[in-house]
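You will see two complexes here that share chain A, one where it goes with chain B and one where it goes with chain C.
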Partner chain A sequence: MKSALAVAGTSLLRVSKDRRALLFLIVLPVVVILIIGATVRGFSTIRVGVVDLGSGAAGRSLVSAMEGSSNLEVQRYPTLAAATTAVSRGEAATAVVLPRGMDAALRAGRSADVAVLANQSNTTQQAAAAAVGSVVAKEGARVQAAYFASSRALGTYEADLRAAASLQRSTPQSRVLSRVVDASSQTLPEGFSYSAPTMLVLFVFVNALASGAVIIETRRLGLYERMAAAPIRRAAIVLGETLAYFLVALTQATLIVGIGALAFGVSWGNPPAAAALVILWALVGAGAGVLSGTLFRTPEQAGAIGPPVGIVLAMLGGCMWPLSIVSSFMRELGHATPQAWAVDAWTDLMSRGGTLGSIAPKLGILAAFAAGLLLLSTLRLGKVVARR
Partner chain B sequence: MRVVLLIAAKDLRQRLRDRSAIVIGIVAPLVIAAVMSLAFGGVSNFHFTLGVVNADRGPIAAQLLGGLRQPELRGIITTEPVGSPAEAAAEVRSRRLQAAIVIPKGFSTSMTGTSPQSITTLTSVNNTLAGSITGSVVSSFSAQLNADRLSLATALGAGAPLDRLAALEAEASGLRIPERLVQRPVGARELKPISYYSPAMAIFFVLFVISFTSRSFFVDRDQGMIERMRAAPIRPLQILAGKALSVFVFGLASLGVVASVTTVAFGAYWGSPLAVGVLCVAVVLSVVCLTALVIGLARTQRQAEGIASAVVFGLALLGGNFVFVSSEPELLRRLSLFTPNGWAMRAFTDLSTRGGGLGTVLVPVGVIVAFSAGIGLVAAALARRAVTS
Partner chain C sequence: MSEPGNAPLQAQEGEGAPVLSCVGLAKRFGQRSAVDGVGFEVSPGEIYGLLGPNGAGKTTTIKMICGLLDADAGSVRICGRPLAELSVRSLVGYVPQDIALYPDLSARENLAFLGRLYGLRGRLLDERIAEALELTELSDRGKDRVDAYSGGMRRRLNIAAGLLHHPVLLVLDEPTVGVDPQSRHAILERVRSFGASGMAVVYTTHYMEEADRVCDRVGIIDHGRLIAEGTKRELVEALGEKDRIDLVATGDLRALAAASRAVPGVERAAEADGRVHVVAGDGRSVLPALVEAVESSGVTLNSVEVAEADLESVFLHLTGTALRE
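And now, the complex of A and B:
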């Protein structure tokens, strides 16, 4: 055991001296969590552009109603061209064009066409247009009422508009009651609570694959030969190397959990369950890392092929987008990767208040993945060490 | 010139012999594009089935159902009658229906009374888009009902005599909200995920050329290769030009292959070939200059690896190669315009959505070339030292 610890210690020392490793271990995951977390913040709000071509009071009132709506985020554009560009680039989901002379037309009892930019086939734009539509309709109700009354010589337009606004607040209305039929979400929460667990799963695995280069380097330097010359058992070498990979993965995962909780306010769910998940994931990472060190021939190969393989597995496993939005075939295919089970377990912990008991089946599958990978990597590393 | 070509050819041969370069330059971006196209292949046309519990069966409920079947919604919503609210809730929970609405008994008649009834939508947390579309459609409908009621109330409040109530009621029911929403086409092609991520991944992996070229430069130097070249009648600039040319050819080939394969096999739309070509040349030019910069800045192979990793991942993160840059917050969108790949991604987005030719990419290409020139000047001064030292 002492010699296994010594082997692990040596490997860890080499990793800690490599500044590049530090970049991948801490800096990169944190930056990615930050950027993705900031981006997926807006799942529930729709960004809407507004172009005012001189609509007057009615237009201003409509814009402030949109700004007051909880699911719209209004951004003004100076020209129609600027708004069109923003919508086609996806910077705004749709844009509302308030026509010139809108207020005057409404006062005169004419209708005013508020254009909303949306392609028929684009569902994001259609959903945004529908959301804008309900704000416009509520606003338009007051205008309809004001003209209806004032045109029948019942008060002035301004007075009726004010009266309608106050009646709209005070009289009972037919509402739309929304009932959510299932409380348990199949996806992670938004923002950093989305990016932190998925990127933990992604980076621990990718980093492990890439750091297979360390074992290859050890092979090249002939360190295993020298170790074999000393009275160290082969099992101790294999155990030591695996232990080093496990500790690196565990450190990285723990740091991401810590930084996520402290800097980004991520709540990781039930602590014992989260700890078990982190440990199992580090074991999966250790198995994958040692395996990569024995499969690839050169450190460049591990560095070049490892990350893309890790990224593809992460995509399939739901680290880049929730598997609930892909086809059922892709969802099933995704669950051939350990990543999907880890993300599922995090979703259970973070969105549904899961416990050690409720995620036990997923932990079991992850344990099987870890056992399989570790067994395979042990056999291969054993061979590599014996060959010397 | 012959010397430059010789050095470039030797570098390219070396690169092709090392299989990891092929993996990075060609295989990885294609595999990732394939996964993306599989993952998003089925969801580009969003459509859902809406359950309808019609306990009212009155004229207003019929109006609503007619509205749900109007041509604009036909592509998105299919309605299906359901017997009871409990049944509808169970169907939504089991995901057979994506959302449902319940029109209560007596809904139509309650509209003329003082306590109007409400429609209930049943939605699932796992299909928020279907939920929000359902909510919006039903809201727009009930907004018209409320507008008619509000018109009547306002008229009465402004002093309309009660004996005119029936007449006013009839007039109000024929009103239409005067602020009408009309949909206008954006005049742009829809940006499919595959059309964004194909260039994004292609550029990301071309950035890796910075890593392995700078690394191989220092390996060459440590093995005395550069010294031996210097012993021959070759000027340092020729050595650099040869290396730069090999980076250029490899990068361009990688982008070209990924563009062709993703277009033919996965239906990605990159845009007008001429504009795409010019943009790719500009991107690869910036990669060449960045490679020279890394070689100039680093002193050892280790340093080169570290600086290159920081440059590659820094640029890819900021420029929008991992996340769709347009949906990022304003600050990040601005930051992306400090990177050549950020400008390239914006240009590729414009090409793929709004079409157009060289005119569309003129400004981005100009910015990328200017960026490359700036980096190139600094790099030339620094890299000369790396070769001569």
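And now, the complex of A and C:
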């Protein structure tokens, strides 16, 4: 064990002296987290289609209210058929149909049915319909108040409607400040809370693949041969190298978590569960890094091929955009990568208040990825060290 | 229980036996036989030179001695103990042909790392590092990164790393490759001092003058076989006194070698390094005929050197080729 620690310690000493490695370990991830966190928003905005069949002033008022809602983006469609097609294609999460004569009906005290198109089996569309329903209900309250006042000869309908709207705005209301922890959220929170966990997943893996160059260089220098001539077991060399990769990945992940929390106010969720996730991801990174060092022939190959491979896996795995917005085929394909399970676990923790218990299945899958990669990589590194 | 890294104490367990004993070593790589039945012994304080051209089997033999390659047949014993015992490796200091050091670490950091692999810790490790640096005259550069060293300094540090744990057997695989004459001189002097201090040394080289200068005994290896072994005097006497004539020429040296071999009295001739090496019983008597051979082969003769028999001519005699071919 002392020999393995000597091997690991020397590898870590080399990393600590390598300014370029420190740039990729700390500086670059933080810069990318900053840029993506500040620019990428809108995954929780719902696109709502609107078909106005001649609703009049009441319909325009309702559309205006929806456009004023922070989480709704209104897209107008000329016909009901066009709106239905958009919803079925997923171009709009839902569609609101404003009926002909809506304004006249409301003025006359009759009800007007506003149809909302949504797929019953699609939870995103159901959530969109609920959001639209909330806006319609709020607008409906104003209409009812105006109708009540005008029916009691307290003014004209238009003036009472304006008064009701003004009163609604000025009346103190109980505000409910909520974090996104509802069980149906399919994405990470926005801003830095999105970029920090996804970039943690991306950079730990990409950096590990690129640093496979260290193993290749050690082999080319003849240092494994020199180590193997010492009175130590070759397993100690393999263990030491793997331990070094694990500690580098763990250090990088911990730094991103720390900087994310302190500098960007990221809440990483349940601490024990987050810690378990970070450790498992570091093990996945260690396995991938050592494997990279045994698969590529030259340090240049590892540096040139490793990062693109890591970035493609990160794209498939949901580090660049949520897998909830891609097709089911791409979502299933993405879950062939460990990145997807790591991002899913972070989504559980950060968007749905997940715990160690709730993310245990995902941790189990990540553990299987880590075990597979570590087994394969250590067997291959063992062969590199032995060369008997 | 022996002190970690103090090899001489451990070596006493096999006292009376040669430091190194190789018997019938053989190694194949696929269909190719790299080493075939090599066997030799090295005593305490003896410097044993393993001579042979590239691909002769020197490095494969060295790697089997250091436990880096498993022999297909034969055995290696260090101080009477089989190499299979892991602890026996602490008796051996291995200096590979490559500069096997981390270029981005300092000399001290490299030595500290390698020393720890041999069980050295704490103050003992610090003492050994200081000693090894002093021995190789690198004490004042110990904190410098290795990539800031000259080629000769790296070679010396490479040797220092093999000495940290006080081995009883030092195995040097072509330790002077690529170094300047001054550094080479320093390394050879140091190797001689290792032998004088009682350490057994196995030294591979294809520089015959190095073997002439530092080795007490040499084994000549060719095509994986040990074809001759003994002191320089023993080898020269066994093969008879022969003169060596070097024809330094420009032109078709292969044709010149062939023409030289046809000269009566010439026993062998081969070209290497821009010259033709000729072995003859009486060099002076064949010289006129050789000059005629030069003219007939159409090459331009630049100079002629006549030398008494040495290891180079022994090698030429035994293998039919010059060592550096």
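We adopt the following convention: the second predicted complex is superposed on the first by the 244 of 388 C-alpha atoms of A that agree within 3 Å, B and C clash if a C-alpha of one lies under 4 Å from a C-alpha of the other, contacts with A are read in each partner's own complex, and residues count from 1 in each chain.
The rule we apply is simple: contacts are C-beta pairs under 8 Å (C-beta built on N, C-alpha and C of every residue); 3 or more make two chains touch, one makes a residue touch a chain.
In this text, all values refer to a predicted model and were calculated from it rather than measured experimentally.
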Touched partner set for A:Ser111, first chain B, second chain C, both or neither
first
For A:Ala314, select first, second, both or neither according to whether it touches chain B, chain C, the two together, or no partner.
neither
In the overlaid three-chain picture, which partner chain does A:Ala137 touch, first (chain B) or second (chain C), both, or neither?
first
Just chain B (first), just chain C (second), both, or neither: which does A:Leu28 touch?
first
With the two structures laid over each other on chain A, which partner does A:Ala58 touch: chain B (first), chain C (second), both, or neither?
first
Winner by number of chain A residues touched, once chain B and chain C are compared:
B
For A:Thr10 in the superposed arrangement: first (chain B), second (chain C), both or neither?
second
Interface with chain C, chain A side, in the complex: residues 2-3, 6-7, 9-10, 13-14, 17-18, 221-223, 225-233, 387-388
Going by the contact rule at the top, pick out the chain B residues touching chain A in the complex.
18-21, 23-24, 27-28, 31-32, 35-36, 38-43, 45-46, 72, 75-76, 89, 92-93, 110-111, 114-126, 128-129, 131-133, 135-140, 142-151, 153-155, 157-160, 168, 171-172, 175-188, 190-191, 205, 208, 212, 215, 302, 305-306, 309-310, 313, 317, 322-324, 326-329, 332-333, 346, 349-350, 353-354
Under the touch definition given earlier, write down the residues of chain A that touch chain B in their complex.
19-20, 23-24, 28, 31-32, 35-36, 38-39, 41-44, 58, 62, 71, 84-85, 87-91, 97, 102, 106, 109-123, 125-127, 129-134, 136-150, 152, 154-155, 159-160, 163-164, 167-168, 171-187, 298, 300-301, 303-305, 308, 311-312, 315-316, 321, 324-327, 330
Looking at the complex, which residues from chain C come into contact with chain A?
66-70, 86-90, 92, 94, 96-105, 109, 113-114, 116-119, 161
